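A single structure is presented below for examination.
As written, the chains take the letters A, B, C and D, and residue 1 is the first residue of each chain.
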Amino acid sequence: MDKNQFAKTPPMGWNSYDYYDTTVNEEQVKANADYMAKNLRRYGWEYIVVDIQWYAHKAGSRRAEHQYIPFETVEMDEYSRLLPDPERFPSSAGGAGFGPLADYVHRLGLKFGIHIMRGIPRIAAHLHTPILGSDLPASEAADPSSICGWNPDMYGVRNTEAGQAYYDSLIQLYASWGVDFIKCDDICNTNVYPTRPFSGKHEIEMLHRAIMKSGREIVLSLSPGPALIDKAWHYEKNANMWRITDDFWDNWDLLLNMFERCELWQNHVSQGCYPDCDMLPLGWLGKGFGQERYSNFTYEECRTMMTLWCIFGSPLMIGGELTKMSEPVLSLLTNPELLKLLDPAYRRRQVLRDRKQAVWSSCSPDGEVYVALFNLGDESGRVEIRLSELEPAYQPTALTELWSRETVTKSSVIGCEIAPHGCAVFRLEK
Amino acid sequence: MDKNQFAKTPPMGWNSYDYYDTTVNEEQVKANADYMAKNLRRYGWEYIVVDIQWYAHKAGSRRAEHQYIPFETVEMDEYSRLLPDPERFPSSAGGAGFGPLADYVHRLGLKFGIHIMRGIPRIAAHLHTPILGSDLPASEAADPSSICGWNPDMYGVRNTEAGQAYYDSLIQLYASWGVDFIKCDDICNTNVYPTRPFSGKHEIEMLHRAIMKSGREIVLSLSPGPALIDKAWHYEKNANMWRITDDFWDNWDLLLNMFERCELWQNHVSQGCYPDCDMLPLGWLGKGFGQERYSNFTYEECRTMMTLWCIFGSPLMIGGELTKMSEPVLSLLTNPELLKLLDPAYRRRQVLRDRKQAVWSSCSPDGEVYVALFNLGDESGRVEIRLSELEPAYQPTALTELWSRETVTKSSVIGCEIAPHGCAVFRLEK
Amino acid sequence: MDKNQFAKTPPMGWNSYDYYDTTVNEEQVKANADYMAKNLRRYGWEYIVVDIQWYAHKAGSRRAEHQYIPFETVEMDEYSRLLPDPERFPSSAGGAGFGPLADYVHRLGLKFGIHIMRGIPRIAAHLHTPILGSDLPASEAADPSSICGWNPDMYGVRNTEAGQAYYDSLIQLYASWGVDFIKCDDICNTNVYPTRPFSGKHEIEMLHRAIMKSGREIVLSLSPGPALIDKAWHYEKNANMWRITDDFWDNWDLLLNMFERCELWQNHVSQGCYPDCDMLPLGWLGKGFGQERYSNFTYEECRTMMTLWCIFGSPLMIGGELTKMSEPVLSLLTNPELLKLLDPAYRRRQVLRDRKQAVWSSCSPDGEVYVALFNLGDESGRVEIRLSELEPAYQPTALTELWSRETVTKSSVIGCEIAPHGCAVFRLEK
Amino acid sequence: MDKNQFAKTPPMGWNSYDYYDTTVNEEQVKANADYMAKNLRRYGWEYIVVDIQWYAHKAGSRRAEHQYIPFETVEMDEYSRLLPDPERFPSSAGGAGFGPLADYVHRLGLKFGIHIMRGIPRIAAHLHTPILGSDLPASEAADPSSICGWNPDMYGVRNTEAGQAYYDSLIQLYASWGVDFIKCDDICNTNVYPTRPFSGKHEIEMLHRAIMKSGREIVLSLSPGPALIDKAWHYEKNANMWRITDDFWDNWDLLLNMFERCELWQNHVSQGCYPDCDMLPLGWLGKGFGQERYSNFTYEECRTMMTLWCIFGSPLMIGGELTKMSEPVLSLLTNPELLKLLDPAYRRRQVLRDRKQAVWSSCSPDGEVYVALFNLGDESGRVEIRLSELEPAYQPTALTELWSRETVTKSSVIGCEIAPHGCAVFRLEK
């Protein structure tokens, strides 16, 4: 198995976090899967990912005080492995785990993913519960000095045989359920330790080894960001995607900042290796946070986000509730011309970026050229780039804008008037 | 009660750590107390301090792997409070705690101290055990994101009523045993979080409040160092002593570095407020570490250490095993002329320091002047200071060296030949 | 000579910067001196300090672009020493320097001070001009890698004989003029080098030596701040005052921040050693900056500033134009009861500080106790402190507020209602 | 003009610094050029680069004190532009500059390069000399707060029209001489300002614009390193090569560290964009430093260096004196199979790196695969890699080692015994 074959293009899917926070249940997951199968699958969308706390009893019940209730009980098997909370995921009862739900998703022609926290449950360490495949208990695999700063559930795992046995057993279980995608949190940047944010390095390697041993092609996604650019090779060696910023939400400053981060990581997109711009906070968000709202992004900002994520080559994970998607939002997610740009075989690069504008180009393996113009300013304005700055010898006959589908005739300059925070993205016709 | 009345001069005593590590037992504590009462008490030595892990079962039994065995059981009462391990402290059985041992020490005319870790036992949080005086369990007082980087026993305590109730109940229990001195660890500099080393600030305040409420004059000592100079006022407001370096051992580089730290803290010595140079690693050390050894310090270095600690005004805690003290070591600890300098009413200051030498002076409330000359270099050499640099109008008739008891006649320069790493300390006779 | 005898209490005076920026001239200096002699001298005010750029031709003529015109010519003698610009200081012509102006100030019973930049003029280094008392030219004393980040005039001076000769010759000249006070800039914190802010350490020592050699009691004041608390001993050894913040202006946030800085430095006030809170931006300010204005401080804030500076023991340098002082402003500067608190023999300390309030106490050598209460919040509110938190055994019969001169009868609590950003300061009557 | 066309493969040449320091003269440059033309040109070596201080009078004459004599005179034209010192470069007299020397080099079929310091001569700013093409003098283009920490000659240039005019005029002059390569120093990492190491950003842009305007294809090389990985896009946009470490010398620790740096920059090699591993300290070195010596690198270390530089795709600049090259050294520089790997069209990547070993692979555009095995340890040992870790589907028939020219038959593992610090590099035969 070669992990770079697991996801030949950036994974596209839906993730439960932005809408449900810690509270998502089986019925809700199925409803979103149904919607995806019906409306999005044919455009390449395929992952359904259950995010954080699916193992936690009473998740979300003390939301005003705690996002993650400290020391609350969790669903765990006899080998220190977390299982779905059967209250929220009834089909998991009796040891079935996420198997039935994964089957459901698979039957829709989709793939099934879950979130995990780096480490082994703290309670397992304190209770000295066994590890499958090891004579040593959880207390010997757990590192009591390695915690997550924002979630109280786990201890980091030591770089030992017992530790590897734990991760092996965990991935073996999850593979047996049919999991296709694992988003591991508190590992890409262990931010409770600001001076050693890569303290989870060995755990990334251990997870990679466990996946290879499992025999199942499980995409490995690392959170949270910002990933460390000086560890890029290590991420590329062991994982499929890694977050390049801290949590992304529907806020222009965060979107503006993403241009800087995409500049930084643009040379690091290749088959099986995807710097990750995080979920797309589109449509209805925030219900589980106690503040359900429609995305604060304007339509122009949404198009800018989609265009940047695609031309950069980021994974695409929808954050909003699918069953509440309106037609305009759906149209943002179903532009086939734009989604083609995700292909890592395209050569993409930032051509220009200053405070007011950014320009990106992308060139397909067969020589098709695309140019995206972004207005980063707060006022309408013309953004343009000379052809000579793109590909000196290239002479297009016309340009087609991918959002409007309008075609304009060629000139030596590609440019147009763009709304504040908006964009235009052109295919150059030969 | 005014905490600055609890220790009118820097505490002097013995601490079990340097010799016993985590393993000291009742018999050993008593033997050291007996020795102190017989040989040291009349010079001002009075504290007998039981250092770290007295509550831990099997402490020291896996020393090659762990100084502090993670997730090992601990002796704890029904209110989440740690008790002495009855295997090592038989008199504590049946709920007596350190009461009988404290009584023993008191009967010798000495005072009794213990070490605690900041926080509440992790196991108490995970088992939701009660807190005396609060309706909330340990899980509500514990902060799951606040740990110690080097000891796995505790969670930090939240700044809440439940948290204060826990500390109140803890100090109440220890006061009831007759504890006179508490060395709280992982609190002066919470070094697992290098960017927020004062994260235990509120716990220092909570401990201070708990001591005030207890009605017992318990000296509060904070570890580990280095204390933060920009928090000096806070330490002075809430504690009696605080470590100004990381752990000090019998190593010249550490002793040399202490001169720098004493320069930094010299203006912060006052009644009840003592920057702490840490234990004196004299005589036999290291047994509990599995490497029993005689102190690596030369006799000259020992005198330099004692002289600096005294003229600076540091607490004095003997680290070596008392029952194995030789006559020469004992003489280092029993120089009454030198020990007088500890008095915070003396005005001390560093007069000079460079790579080769340091000079300190001290002036008693009634105008007696002392000058210490230190040779910081690796070769013998003359160290001297002009009288005019000390106290312009001062004209001594003679000088008495406090270690040799020799007297020399006056001149305009105080100076002498000093061995490498050695010192001379003079009283200026009027 | 002992530098701690040069200023037995914190220097009090006027400085040209806050009103004139770089443009002050002889007539203006004299006018301010006249005013001080007539209205302020009897309260202890005595220094008249000419601040930055008195040597610079065309100073202030390109103010929109440059505060300090780069590469503009300067007035310099044949030994690389800067002289007053004769256009602005006509009496300095013909080699007289500031002698005549200093004489004028002295005749008024006042003292005369000047500002200098650390270093030797850049142009002197580039032209290889001589140094008095050295065979080597300025180019050998200048360190081409040591500059000021915000003023283009000087190179730092090397720690060599030629370098010391330059500083000796400089101070010798300024002493010959009758200078009583030198404010040396770019030396306390060499902030262009954020990772080595004490790069001027040797130049502080060289200036101190030069002053000692000069035979004249010249107060040495170091700027800009923030001074480095871990270098406190070095400042105390070589200088008389040092700035504890960056430039202070009439802005509440800066005043609020000064409470934090005073906490930090409170143990470092002693005779001849004064942590410096910077000029008092009172009355009319900013003319030379092209934005003449009345101080933005409210009357309450002014009293808070004066009270803090006094009870802390800071030097007091008036920043506003004296000739335009109104009666209310004058009254802030002429409260003899308050000014008494400056005496370094008083034992001052911060008793309490949180976001809403601060309390300081001070105790005179003969046992008089003062308490200042500050309302740091944006709303009126009661600030109080229990007597037991001050001096346990102290029992005053009454309290006199020093601004209002009102007396209240005693109680176990000292407190009153205070306006936002305001204060009350009480003398406790025995 | 497209700067990525100026150097389609990493520049290969000789640089005067490692042997001559600041002292190289015309005769010596010619001798090295002659040697290159005769012995190296046919392998692709073509640049002859005159390094630092060619404009400085008396360069090297006070070497014990100063590498760069502060405030010494320099050769400068009437427009503030530095010219070669005619004492060392006689053909430059009479305004010819480096024209005659460039002609000489060109006639040998080689290219000519020079070193410059970022900025405008300090003396020009202090003397207000003119700038060609601007009404403003040097003093208006110079930024008095922007200096180099280790060389005293220049001030940084402001981002203004006058500043651009200066750089334009400079490059225009150097282009008129026939300069093909400019190594600009103190610009890639302005290390005197550790907290703003990219303070020369605008000057990189100004130099790039000046080169574009000059109409001459001048390769732009930026020093010193370490370049900032988060500014990679900016370097790639404006320059041809940039140093990825501080100065590299013949020291194993530095060579070992280069593996880490090559890992970091491996995704940033493309046509016209070359992360630069610095000069090759081979053969005779150090004469100008007063310590002529044969390179400290063993023959194994030399091969490791050459192999890493080539497979990574670094520019190659010989540091040793060419006229003293021995046959074995020459053979290191003339391995055509190895030099082919420099081509940026090859896809290179680090396959493995730990403390003991590193493995790199490279794949040519037509599918030839190369594998380099490095023994990073201090003892001989086997280094190996499974074919499956390289290119899963690739099945070579045999392997040829490029240094020994030996061929071995295929297996599923590529590996061999390698001397300490040594390497082997294989071409996989289809």
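Basically, a residue touches a chain if its C-beta (ideal position, glycine included) is under 8 Å from a C-beta of that chain, and two chains touch if they have at least 3 such contacts.
On a predicted model such as this, the values are computed, not experimentally measured, just so you know.
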Study note, to complete from the structure: In contact with subunit A as well as subunit D, sorted by label, we have none
Check your understanding: In whole angstrom, what separates the CA-based centres of subunit A and subunit B?
Key -> 51
Practice item. Could you grab the centroid distance between subunit B and subunit C? Build each centroid from C-alpha atoms only and quote it in angstrom. Key: 40
Check your understanding: How many angstrom between the C-alpha centroids of subunit C and subunit A?
Key -> 57
Exercise for review: Could you check subunit A for residues that touch two or more other chains and list them?
Suggested key: none
Review point. Considering every pair of chains, which are in touch?
Key: A-B, A-D, B-C, C-D
Check your understanding: Within the complex, which stretch of subunit D touches subunit C?
Key -> 70-71, 122-123, 125-126, 128, 139, 142, 144-145, 147-150, 152, 192-195
Review point. Mind pulling up the subunit B residues that touch subunit C in the complex?
Key: 2, 229-230, 232-233, 263-264, 266-268, 350, 392
